[in-house]
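Single-structure report; data block below.
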Amino acid sequence: MPMTRPSRAQTLLLSLAAPAVVFALYMALIWAPDERTLGTVQRIFYIHVGSAWNAYLSFLIVFLASVGYLLRRQASLDAVAVSAAEIGILFTTLTLASGSFWARAVWNVWWTWDPRLTTTLIMWFMYVAYLLVRAAAEGEERRGRLAGVFGVIAFATVPLVHFSATWWRGMHPNIIQTQGGTIRMNMDPDMIVTMVVAVVATTLLNAALLSHRVSLEHVSRRVAALRERVRLEVES
Amino acid sequence: MSVLRAVAAIIWKDLRLEWRTGEAILTPALLALLLLLVIVFGLPPGVARQEGVLTASLWTALFFAGTVGLARTFARERAEGRLWGLLLAPVDRSAVFLAKGLAAFLFLAVVALVTMPAFFGVFGQSLGAPLWRWGVVVGLVLLAYAAAGTLLSAVAAQLRAGEVLYPVLLFPLLVPVILAAVHLTDALLTTGGWEREGVWMHMLILYNILFWGVPYLIFEYVVEV
Amino acid sequence: MRIELRSATRRVDGRRLLDAITLAIDPGQALLICGPNGAGKSTLLKALAGLVPLTGGEVLYDGKPASKWGPALRRRIGALFHESLLYDELSVVDNLLFAARLFGLPQPQGRVRAMIDAAGLRLVAREPAGRLSRGMKQRLALARALLHDPDVLLLDEPFAGLDARWAAWLADRLAAERRRGASVVVVAHEWRLAWPLADRAAVLVRGRLERLLDAAAWDVDRFGAEYRQLLMPAGSVEAGAALSHAEVAGAASMGAALPGEGGGP
């Protein structure tokens, strides 16, 4: 029986996510120090990293749910896949927008063909295509199956897109550099703390959104099934 | 061996159909030449001879024209339940993908063979590299294109207005192939080899492995029902 | 081959296309499946051919689950669906040659020529399939299904579009296939034509096997009355079940299992 009211876990998630996001915004916009050369504009970075991480996380969830659906054929897995895809597109859009503002402020252009931005843009197209597949497929079973296949192919292609964008042109600021196996960050410790808080808060937000979107999907499928039953009964 | 026989049978059938319909070679080839015309009209005089313009125009035209034929790969099998006829063959179902993919590759190769000389003529370019090197690069690009295009064609054939959606589904996945194609052919034109752009060669090979390999795991799900 | 369905079920989008169907067909036997539109007849054939997966139960061939057979099983299945499986642009010869090569038949040319003669298509052998008349196209589709001497024949409306002469030809042909040991499943909306060649008849309604009976013990008209009653809406299904309990029990004793009664998980 699908849930129609938010469960206790969902309420808990939301009541954690909401203050966490407010707190992260406070840290990012007020508490964190100004960057030396970029000034206050650098604060975009926290939102940018938070959304980028969650975009990739969401698409990983789409991939895992798609594989699961193809193997097990459980409608709930397909519901997770579509929910994560929509949320992933939302975070991808945020990543692109914040990256674009950053580029305008720092490089004086709205868009640069930096590999990460390019990959993110193409990923955005891929998952919009994923939603198009869903919209154009008739029948729940077929929709889940074809979307599942596309979800797997798209995710497998993302690394290749990233490599090709890197080799094509490159000018993304390398905040995190690996040196001799240890990761070193070229950042003020306060900035690192803020970044971690921002990532945790957006991830909580992601989880809360996902669980609610999945419930919504279940409800809308129940409504569709009920409507179908009424239609059949009226016909016979 | 029965797999090879079935693959050969499907390719033979597709060639035969192509002879009768001209959907996968004639139409795309004409479209590619038309695109060449449009591109040349659009370019300011003198720009055409600059480095990179020929390859960008060539691949833009070939990739776009190619979708017209590729979209039909499985759309045609969808009518009259023909796909069931293929799936009833006593061979592993990935053989159907292999055969359809190879047939699509053959069609694309003919389209390229017909249209590429026109591009070189219009832009007044010489090959700049031995013919076999061109064969290797163009061959790998078209193999990668055919694999991704065939797989997506099988998906799109089951969608409402699938042929309209097809390029939108396909092109984001093709980005690595398109970039590799442009870089490698640029290298052929300017340096006479692909050594300068070795990473792109690796990319192409990797892409081919992925898109000819993944269908073995996934094609059964694509053609179910 | 012996075909067996064990509580075969297919649910799609919450609808039961096949609902726990259990039955068996022995080599040389012919089963007629009738039922109204949307009863699941075509789905049943496609499930037998391995084209649509079951969501429950299983199909067995010679006692072995179809999933364990691998692709080699398909060599022994001949299928005619509502769709022709033909390429309209290819000639009659090319359509059959393609099928012969797909099945890996030895000497495809000779086999195809013999089949074309048998199906009376010699005069149109070089014509594109799309230009054939309805009856000829049906014969071509039948020729495609019979080409590789399958041990299992799955035929959806085989008599559709055939005139009296070719209907008789098909009946003879199917009798010959059965003598050879082939098991035949015929789906027919117009079941009267197929009745004489059936050993048993099954009635499918909304994915459920409502009747499975011994055709020899039934007169055509009596079955017709029973069938009509089964198809009547609102409550008539239960009434019909009580009416013919004796006959159904008789059929069950002949090796047929009733829905819900059969084994399987």
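As written, the chain order gives the labels A, B and C, with residue 1 at the start of each chain.
Everything that follows uses one rule, which is that a contact is a pair of C-beta atoms (placed from the backbone, for glycine too) under 8 Å apart; a residue touches a chain by one contact, two chains touch by 3 or more.
Computed from a predicted model, the values in this text were never measured in an experiment.
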**Study point:** Most remote chain, CA-based centroid, reference being chain A
**Key:** C
Check your understanding: Which chain, with its centre taken as the mean C-alpha position, is closest to the global C-alpha centre?
Key -> B
Practice item. Go ahead and note the Å separation of the Cα centroids belonging to chain A and chain C. Key: 49
Check your understanding: Which whole number of Å gives the spacing of the CA centres of chain A and chain B?
Key -> 32
Point to revise | Between chain C and chain B, distance of the C-alpha-averaged centres to the nearest whole Å | key: 40
Review point. Got the chain A residues that touch at least 2 other chains?
Key: 141
Study note, to complete from the structure: Note: chain B residues in touch with at least two other chains are 224-225
Review point. Any idea which chain B residues touch chain C in the complex?
Key: 2, 5-6, 8-10, 12-13, 16-17, 20-21, 80-82, 84-93, 224-225
Study note, to complete from the structure: Interface with chain C, chain A side, in the complex: residues 73, 139-141, 225, 228, 236
Review point. Hey, which residues of chain C end up touching chain B in the complex?
Key: 46, 49, 51-53, 71-75, 77, 79, 81-90, 94, 98-99, 101-104, 128, 144
Practice item. Mind listing the chain B positions that touch chain A in their complex? Key: 151-152, 155, 158-162, 165, 168-169, 171-173, 175-176, 179-180, 183, 199-200, 203, 206-207, 210, 214, 218, 221-222, 224-225
Review point. Can you list the residues on chain C that touch chain A in the complex?
Key: 12-15, 55, 233
